[in-house]
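Common to both upcoming complexes is chain A, partnered first by chain B, then by chain C.
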Partner chain A sequence: MEDRLTKEEVLHVANLARIEIDDKEIEMYQVKLKKLLDQIELVTKIDDNDSDYLIAPWNNNSEFRKDEVGNMLNPKEVLQNAPRKSGNYIEVPVVISNE
Partner chain B sequence: MNKYLDLSLQEINNLLINKKITPKDLVIESFERIEANKDLNGFITLNKEAALKRAEDLKDQEVTSLTFGIPIAIKDNIITKNLRTTAGSKMLDNFIPIYDADVIERINEAGMIIIGKANMDEFAMGSSTQTSYYGPTKNPWDKTLVPGGSSGGSAAVVSSRITPIALGSDTGGSIRQPSSFCGIVGLKPTYGRVSRYGLIAFASSLDQIGPMTRNVYENALVLNTICGKSKNDLTSVETNEDFTRLIGKDIKNMKIAIPKFYVNDTIDIEIRQELDNIITLLKENNCVVDYVDIKYIDKAVPLYQIIAMGEASSNLARFDGIRYGYSYENPKDINDLYLKTRKNGFGNEVKRRIMIGSYLLSGKNATTYYNKALAIRDDMRNSFLDIFKNYDLIIGPTATTKAYPLGQDLDDAVKAFMDDILTIPVNMAGLPGMNLPIGFSKDHLPIGMQIIGAPFAEAKIYQLASYIEKELNLDLNPNLGGDDNE
Partner chain C sequence: MSNYIPTIGIEVHVELKTNTKIFSSSENGYGQMANSLTNVIDLGYPGTLPTLNEQVIKTAIKAAHVLNCKIRKKQHFDRKNYFYPDNPKNYQITQARSPIGYDGYVEIEIGNNKKKIEIEEIHIEEDTCKSAHRGNVSLLDFNRAGVPLIEIVSRACIESSEEAKLYLEKLRELLYYSNISDCKIEEGSMRCDANVSIRKNIEDKLGTKCEIKNIGSISNVGLAIEKEIERQSKLLDKGETFKEQTRRFDDKQNDTVLMRVKETGNDYRYFPEPDIPYIELSDEIINSSIAELPMLPDERRKIYKERGVSDINITKLIANRSLSDYLNLFLDTKLNFKEASNLLLGDISAYLNKTEKDISNTHLTKEKFIDLVKKVEDNTLTSKNLKDILDDILESDKTIAEIIKEKGISNITDSNMLQDIVLKVILENPDSVKDYKAGKDRAIKYLMGQIMKETKGSANPKLVNQILINELNK
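Let's look at the complex of A and B:
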């Protein structure tokens, strides 16, 4: 087994995670991510025929609530932590460009 | 300097009721102690002005409970209205919450006073408080050592008697392991016992908020205050009970199980010896103590890595530089904003976990890894529940080691997980688990044991813990103690 991921594999997971990484970091992650993944691989080797999944340990106590207006935050408070804003809106950079 | 904060909550309560002191005296003393322990780095943000004002407001109010007027430290991943909340990350360095977490509303109603926001591993990812953007917290017993983590600030602050109470959070051991390293009582409640509304999510199916205190009784008091159903967390439940009710009750004929894996020889010999003393003590009191097997308990670390990192990658997707938190200044377009905000805003440990988590949940991997882990998790939980059909409680060590030196294995991708090998199974199964100090190593460092209960059996944990605590009568103040009073 290789002791490191390929450069392409690291760039693939960094892209999935939306985290930019530079060349030096790629080298670091080639080794460190591989170490973690090797450990995780152990789970796939467990012979388990349980077909039930435990997603979370609570008993399902979902319930409907009444459809009524509760406490609302005011826009000024909501926007207080926004890095860019314009009036009562949060500003977002270009999503679709012509280029 | 006054020493009111070395007194028990009952003693402080008497002084408050008889007007010998006011809440302000306690707040002032807390801040004096912070000043005297500056090198500890237990807090990220202090709340001095607001705390003094609140103490003033409480002065003429009726003393309603044992926690009234008591200073408390809050782990910095629990949001506090108008008080900066960073989760130990540069990503939230400028974040001022606009509402309170459910537990904060409850502690405010009970008359407690927030002194500050306690240091922690970034987004609770770590077990030594060294991944904090705000520098590591030191262990009050030896300032060259780590306090454990991720609730290391909370543990160090309570241990050094700066506040009698702190709140922590526990996803894989983050309350219990630092409590063990710092010699305090820390409880991770049953999943659902305490509302997670306002807890900055790491792994939502594992996270729980819990009390960290100097002794067992005070721990139960704080759980009384913070537990209960909240309409904003549908996994939270209401049971209406007093967690102190079994404290002091006889433990004769209790049936105790010890997983064989919890006494394996990778665990520090001094820790195993202290646990042996407890086993002897329990047997002398006609408790049954048996060794048992729990399915997949030895595989808990990789299992946790899949589930916790998968959930983390999903939870931390919200840090996109748009609505709050750090934002890269001059992005070309929205993708550039995501990439550079997350590159600059997250630390290494967090980035690693998000990347692995994203990978594990992508495409076919979701079946290979995540679904497989959920199936094994179900089996492990059932195996725990089977044990509780025949036994009252499970015990074992909390950690495999004592506190270790700052800087050791700092950037080791695997080390932080191995620290939690004995605590992770409890989160996987959603059970309540406590760290109880049971002695000291030759070099005067605290050693802790873990007491694990069936779902919602916290009162029984407190019953056993209070018995052992009383029998051992340890001096757990690092400024004074460090010896077995045998």
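Let's look at the complex of A and C:
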């Protein structure tokens, strides 16, 4: 088993998180991330065939909200924190989806 | 171009008809001032928590039921992670692992055959904000952020553009009639993506699939699929291969255009949404949601057929839900549905179109409509009479009898008077009489027309017919 991730794998993760990292950091994460993944690998080895898919350690259920309109912000308030606006719209640099 | 076997799967996003958004109490509305229907939850502010709208669950249960799906009783939501300005939380809340409905189907009629289009799953998710691209900027409107959606995923069992269109039409009809969504493709409340691949032989493995996104109408889905099959066939004919890709349909070019090639699989890093606990559906919520469903189109068709409505009128009634709902008010009466549907789809529809009214906004009470149908049935009112007084019937509180009296509408039922007119017409039209004696039935129609003209449409047609045949046979 390799003791480190490839440089490409680290860069892929960095890209998903939208962070920039330099060569020194890449090298560090190649090792650190690999250690982390190995730990998680242990968890996946637990035999859980006889239990349901668990999303949380508790079992309380969601309450529902009644379908009644409540308070809303006015457009002025919405735009207050927007770095750029155009009319009532929030303006951002154009992004072509890469999903 | 050689023949290939197409395999098509369709994903449909439908906005649910609720008062508020899925995770916040902001109004779920369309066509209003930009960024006027939001709060901090829709805008993805830190520290806010989602609260699940009960009506979304109930509406999704209805959708699962009408699409013949099994309903999952214990569910949870997941986060789909991605960075894009349409979703400032950087994740969309969706159901990746526990869709509310699964293993369903919609039955379509293709030619004389019935086919079940299988539905793999229906899951609930939130819509994103709407972005409009203008040159080098995008403009964001968060009114749509958090609008509840269901995504309906078919299995790849659709074999032609025709089947795809029939499936979507049936889906739209069912969801619309169930009050699940208004299904307006042009307003984006129903959005269709198609996955298309082709192969030479049925035993070959599936070909490379291309996804065509956000097609603007059902007929364009058909066109887009045909164009895509054609494009892929030409490539395969030339021995070329292509990569999985996302395309869109350009209706000006009447062809699909490349958006992006999928180099690697998506990396959404789904994980359970920690802010929303399990959703456990009780029998009570499932049963009460299903009980709220109105009568669905296929049942309406069956009843109308049994009550003598013509096929063409059935199609027209189903296409006009408010008239169908109106007619259904009389299900427990003995009303003549055939005559009633002719009236509703004929003169009454003409009036409603002219005045841009809905039938519920007229003065046509149940009693009045029953009376009207009866009077047309027994020829108390001729079609000419009806045209003269229909506006009054629909616009005033007066009874039909009162209107007839007031307008001095007389329907000539005096047989002596009619006899004179019939004789006059016979004498003036010797050729038609000859035709009739020679066995030409349409001569009768012509003579009837002449008599109605003489009486300015006020003669009782049944009576005229009787007298005319009598006289001709003398």
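Operating definition for what follows: the second predicted complex is superposed on the first by the 81 of 99 C-alpha atoms of A that agree within 3 Å, B and C clash if a C-alpha of one lies under 4 Å from a C-alpha of the other, contacts with A are read in each partner's own complex, and residues count from 1 in each chain.
Basically, a residue touches a chain if its C-beta (ideal position, glycine included) is under 8 Å from a C-beta of that chain, and two chains touch if they have at least 3 such contacts.
Values in this document were obtained by computation on a predicted structure and should not be read as measured data.
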Chain B or chain C, by number of chain A residues touched: B
Chain B versus chain C as contact partner of A:I46, first or second or both or neither: first
A:P57 touches, of chain B and chain C: first, second, both or neither? first
Touched partner set for A:V94, first chain B, second chain C, both or neither: both
Which of chain B and chain C A:K32 touches, first, second, both or neither: first
Touched partner set for A:I21, first chain B, second chain C, both or neither: first
First (chain B), second (chain C), both or neither touched by A:V78: both
On chain A, the residue positions that both chain B and chain C contact, one per complex: 12, 16, 18, 53, 55-56, 58, 61-63, 65, 73, 78, 84, 90, 92-95, 97
Residue numbers on chain A that touch chain C, as the complex places them: 12, 16, 18, 53, 55-56, 58-75, 78-79, 84, 86-95, 97-99
Parts of chain C lying in touch with chain A, wherever the complex brings them together: 18-20, 24-27, 33-40, 43, 51-57, 76, 81-85, 97-98, 131-142, 260, 266-267, 269, 272, 274, 276-280
In the complex with chain A, residue positions of chain B that touch it: 94-96, 98-99, 191-192, 204-205, 231, 234-235, 237, 296, 299, 301-303, 305-306, 313, 317, 320-327, 331-340, 342-343, 346, 351-352, 354-360, 362, 368-369, 371-379, 381, 413-414, 417, 428-430, 455
In the complex with chain B, residue positions of chain A that touch it: 12-14, 16-21, 29, 32-33, 35-37, 39-44, 46, 48, 50-58, 61-63, 65, 73, 77-78, 80-84, 90, 92-95, 97
